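Shared between the two complexes below is subunit A, which has subunit B as its partner in the first and subunit C in the second.
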Partner chain A sequence: MKVKPHTESGLKTWVGLAALVLAMGLFYFGIPALIAQNPEVYSRYYTTLSGIALLSMASAGVWLTFYIGRINIGQGVFCLFGAYISGILVVNYGMNFWYSAIWAGVICSLLSFLIGLPILRLRGVYFAMVTLISTQVATLVVQNLAITKQGRSFALPPPAALTLPGTDIVVIPAFTLEGAAVGFYFAAITLMILTFLGLYRLVNSRIGQLCKSLQQNEELASSLGVNIVWLRLVAYAISCFVGGVAGAFYGAQQANLNVSLFTVQDSVNFLLYCFMGGLNYVVGPLIGTITLRLGWDQLSPTGEYQLAIYALALIILMFILPNGLMSLVEEGKKWFIRPNHRQKLQSMSAQKPVKTVAKSAAKKRPKTAAKTAPKSNKGRK
Partner chain B sequence: MSEILQVKSITKKFGGLTAVNGVSFGVKEKEILSVIGPNGAGKSTLFKLISSFMKPSDGEVLFNGKRISNQAPHIVARKGVVRTFQETTIFKNMTVKQTVIVAHHLRSKANLWGYFVSTPNARNDEKHFGDSADEILEFLGLSSMANEQASNLPHGHLRALGIAMGLATNPKILLLDEPFAGMNHDETMKAVKMVRDLRKRGLTVLLVEHDMHAVMTISDRIVVLNFGTKIAEGTPEQIQKNPAVIEAYLGHEDKEIGL
Partner chain C sequence: MEQVIANGLFTGAQYALIALGLTLIFGLMNVLNFAHGQMFVLGALFAYTIFNHIVELGWFLGMTPWLANILTFMVALVATLVFLAFVGALFERFLFRTVIKRSSRDESTMLLAAATAFLLDALLPMKHVFGELSHSLPALIEGSFSIEQPWFSDTPFYMPYSKVFIGGLALFLIAGFMAFMQYTKPGRAMRALAQDKIAAQLMGVHVDRFTMLGFALGAMLAGGIGALIVTITNIGPTAGSSFSIKAFIMVMIGGAGVVGGAIAGGFVLGMMESIVPTLLAPYDLANLSDLIIFAALMIFLSFRPQGLMGKPWG
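Then we have the complex of A and B:
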């Protein structure tokens, strides 16, 4: 699922599809089957994994803002607001949870327009700083509103059944207290898969190319007629929509909202998941979230040393793989196709000058050939 | 020939410094007009004012009789006034062809949602952009480099890539920012031919340039700036003989020591 080149696209599509089918099989059947082996010990993994799925969704939003060239450390805002918007709609207005989650996303993206219009003008570290602060602001907002019960315990009922509008046909059955963990697991992985498929489609469509042009040079993009303000807002709104929906589900899964559901720490974590997974790959945030969350959980027996080991592991990983875990794929590819690759490049650099001279005896040709030849040497390294 | 672009007593002040001071001139349709001047004469500022990358302190720019100054650059581009940048301004991590395809933005018929769900319009656009990009690259002699990373291109080809992006937007008037800077004589002559070919495509070209020789060869008319003020306007022959221009470039003739 590499974003960049269009070459080898046929093979890539098949590899991508195979990976998708495998992942879906694993999430929908493999993991439940594994847990069924010893439900008493393993069933807690339903909660862990649905948490991971939802957090990876939120990180996918952060990844998209990276894709337009903005460092976003404010996704926690929209996760927190999403959780509370959905909670308020369900508890105070009696809305069905499933609709309330969509409303949470919609309201978050409307909010992101208001926030984004002024702050998306900022670039680089300035945008990062403002978004970082915004999470703190969101925390204070929740702590000071009556409707959020000052950020103290805000109990939520399990989601009611979702029926087709105007009929009694049940699409999603009501969650029972005991079955909620499993229900949320399937809901979360479905959302996660939809999010990443959507993101993949977005990045590989023309919109992705436009976003990339924005990331690389906004002035140039606007000189070509791209409405950079609008495109930035759209990308940010999508990011916040995803964050809001993820937050709504995360909150409902906890069955109890409080202000520390999403803090500055979480905003930073989303960013970390993206970095750790790899910014060049759509699945980067997913890989990063799975690795870091599971890693963190596995370290819990070490008690007081947990954070120290975790931090050390992070530093070492970033040192070895500055482009994230997904850059291992790149390395692997090089490793596998190296003999072939080398041969091909050698023959290319050997042939090119001869070929071009023969093709057109014009004066300018040898020059271009000579210029490209050393480049292919560089590529081999 | 009517004037499609009119610059009307445009002024730009940066604090106490007046970079461009009441400059007026017009560009006729299918003309190649160059703006020249010594270093610091205000050429670059004027260029940004015309392409609306900067707002004038006073005066205005009209395109086809309508005001384009004070509007966002992408709106000005949509109207057909498109600028190129100097060569370092490219999309580094895209191939040459991808760059030119992206640059077709103004020709798109589908909207963002259309591209996401791949409507027939969007698919048409994508096919059309690919073909048109091939044609443009062929026209500018970049075909052999279509799949190179843009950041790997040599000097002269980067300049051509800049022009390719400009062409992809289907402009009426193309503004070139120092298209011959840093080129040797051969490269310049090739670039001169390229700019002439642009006119054959029905384009009007306004360029800001340093290279005297190239400007004299290529231009129909020349506007000369010095210290932010227009000091001369005319054909290359007229400009070469103009005493004010000679003075601006070479300085005073000093009678006493006979220089």
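Then we have the complex of A and C:
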């Protein structure tokens, strides 16, 4: 299928690549260099940041289900199961952690086929609620199984070395207790970057376009020959795979599993990270997770006021940027990247000022219409 | 058996009231109010505080203890209803309305609702608000109603008078709410809004005003039931989110946005919570009952998403 070339796509690609290189430089070299400045004080950021990287992976899964038009409050299920599957494989069956994490993802995506087949038919609030209940079910399952030790403390050893199969060549050295934080940091950011690159590739592929068609109108997509059942199952399975792997790593990083590792609250949090970042951009969940988690972490000296300040900040952000942090990019584009477009807007508003006012007045918002119309004209001059 | 059914009905009446408020807010505004359980806790602790401040006044006036208790409780209940309605109206006017108008997607309100839930969760346990302890009021009326030899079981049937009183009040509140929705003009306006917002607007229903009223009523019902339950069990300042989840489940059982459905959902969940552990007790599986209830509900909702009485795809 030929796509009409977009005028700014060249620029977009370069900006994207530059951002990727910058981000990788920051994560792989910048942050370790910063922490090396004062290791006693800053080394705790390795743990914080690897947690953020893993949670942003799980949020990326939630974002993908948003992309097919479903509100997913059930990612906690797969994170929790992923953590326990990996933990059980390592502790009870002596599997290497790195393989067990992959198995956690695979089993989670198989499970998601089973759950997804009935529940993916639901939409909107119905899907949201069933997934919310599923998180509660997962918590109760873990609490009632003997193999998970009733959800009480389940200690994990640090990951063993990963060698190439059949040889003694060490790919990833074994984690020591002291070095585990640094090791997990590099593992987590690598996984995070791979996840978001994969997600970007997926969204900009043919399958991504089809997923977007599901978001817009499932019946129409189906009538045009899109296999909607298969497509949403695949999207959900990918989302759950990512969640399972993230959960496995998160659990291993904590070195101790318990049932409160991922609760309903965490499932809701993943959703909030996506909203906070913005649902129109692949990096939205990453930006949202970094902002909210790092913000939460920085507020910890405030003690008992931590949650109150966090909640107030959320409410204020909601007022300023109700469409997420990435909506700033849209604003930025309007004023900085596309001067031609700005001129076009200016000439348009100069020609038909009456129409804009009439249009917004028709929305039965006389107050806001009167306010915004002159303001926007002023801005455009 | 009678005991189990009576307990189920009692819990069901309480649950139905919680679910009613949530479904009203959802039906009117399409907002999943994550802070509903927190409203419930706010109501409970507010009523507790008011009760303790004024109960001595009744004793001072020389009333018998049970009369003083009941009169004070009624005053505290009314104060709670008014206060929670006020809080709900403020939330709608200054938070939800603004964000709904500014954001491009309806679902963004979920973030706001969760943030308000966090805020209440943080504020309620503070030292100068309610403190971290959980509270409950003493039994309003002493004594209990009992049948030594009930018809279907060997164990005697037993129901404290205060539970009967609270259950009666809950039923009265449900009936009052239904009558309000059914027979008054604001109630009709809200039903019209829940059915079709644009059509209602075209017929001259003042959307903003009635949305605010609906949110206030929802919060009021949650607070009212909190005030009722605090006389029976302990309620802590951070118990809100678990009640929110239960309220969501009840709303889904009955059908999102349907008033009758919320009542049905409340009674169904109340009965299940009472009956399932009793049925499982002989097999030594009673601690699995929550899991079984939730799993059954998930399966039910997967195959009948609109619940008992909802319209598909709400």
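Quick notes
Please note the rule applied: the second predicted complex is superposed on the first by the 331 of 381 C-alpha atoms of A that agree within 3 Å, B and C clash if a C-alpha of one lies under 4 Å from a C-alpha of the other, contacts with A are read in each partner's own complex, and residues count from 1 in each chain.
Convention: a residue touches a chain if its C-beta (ideal position, glycine included) is under 8 Å from a C-beta of that chain, and two chains touch if they have at least 3 such contacts.
Quick caveat: nothing in here was measured; it's all calculated off a predicted structure.
When both complexes are overlaid on chain A, the residue A:Val203 reaches neither subunit B nor subunit C.
Contacts of A:Met57 after superposition: neither subunit B nor subunit C is touched.
By the document's definition of touching, of the two partners only subunit B reaches A:Leu224; subunit C does not. Once the two complexes are laid over each other on the shared chain, residue contacts for A:Ser213 go to subunit B alone; subunit C is not touched. Once the two complexes are overlaid on the shared chain, A:Val90 sits clear of subunit B and of subunit C alike.
In the superposition on chain A, A:Ala104 makes contact with neither subunit B nor subunit C. In the superposition on chain A, no contact is made by A:Val77 with either subunit B or subunit C. Residue by residue along subunit A, subunit B and subunit C are tallied for touches, and C comes out ahead.
According to the touch criterion, the shared surface of subunit A, contacted by subunit B in one complex and subunit C in the other, consists of residues 364, 368. The residues of subunit A lying in touch with subunit C in their complex are 71, 118-119, 121-126, 128-130, 132-134, 136-137, 140-141, 143-144, 264-265, 268, 271-272, 275-276, 279, 304-308, 310-312, 314-315, 318-319, 322-323, 364-365, 368.
Chain contact summary for the complex, subunit A toward subunit B: residues 4-7, 201-202, 205-207, 209-210, 212-213, 216-217, 219-229, 231, 234, 356, 364, 368, 371-372, 375.
Interface of subunit B with subunit A (complex): residues 51, 53, 72-74, 77-78, 82-85, 89-95, 98, 101-103, 105-106, 108, 112, 115-116, 118, 122, 125-126, 141, 144-145, 147-148, 152, 154, 157, 165, 168-169, 190.
By the touch criterion given at the top, residues 26, 30, 32, 34, 95, 98-99, 101-105, 107-108, 110-112, 114-116, 118-119, 121-123, 126, 201, 241, 245, 248-249, 251-252, 256, 287-288, 290-291, 294-295, 297-299, 301-303, 305-306, 313-314 of subunit C touch subunit A in their complex.
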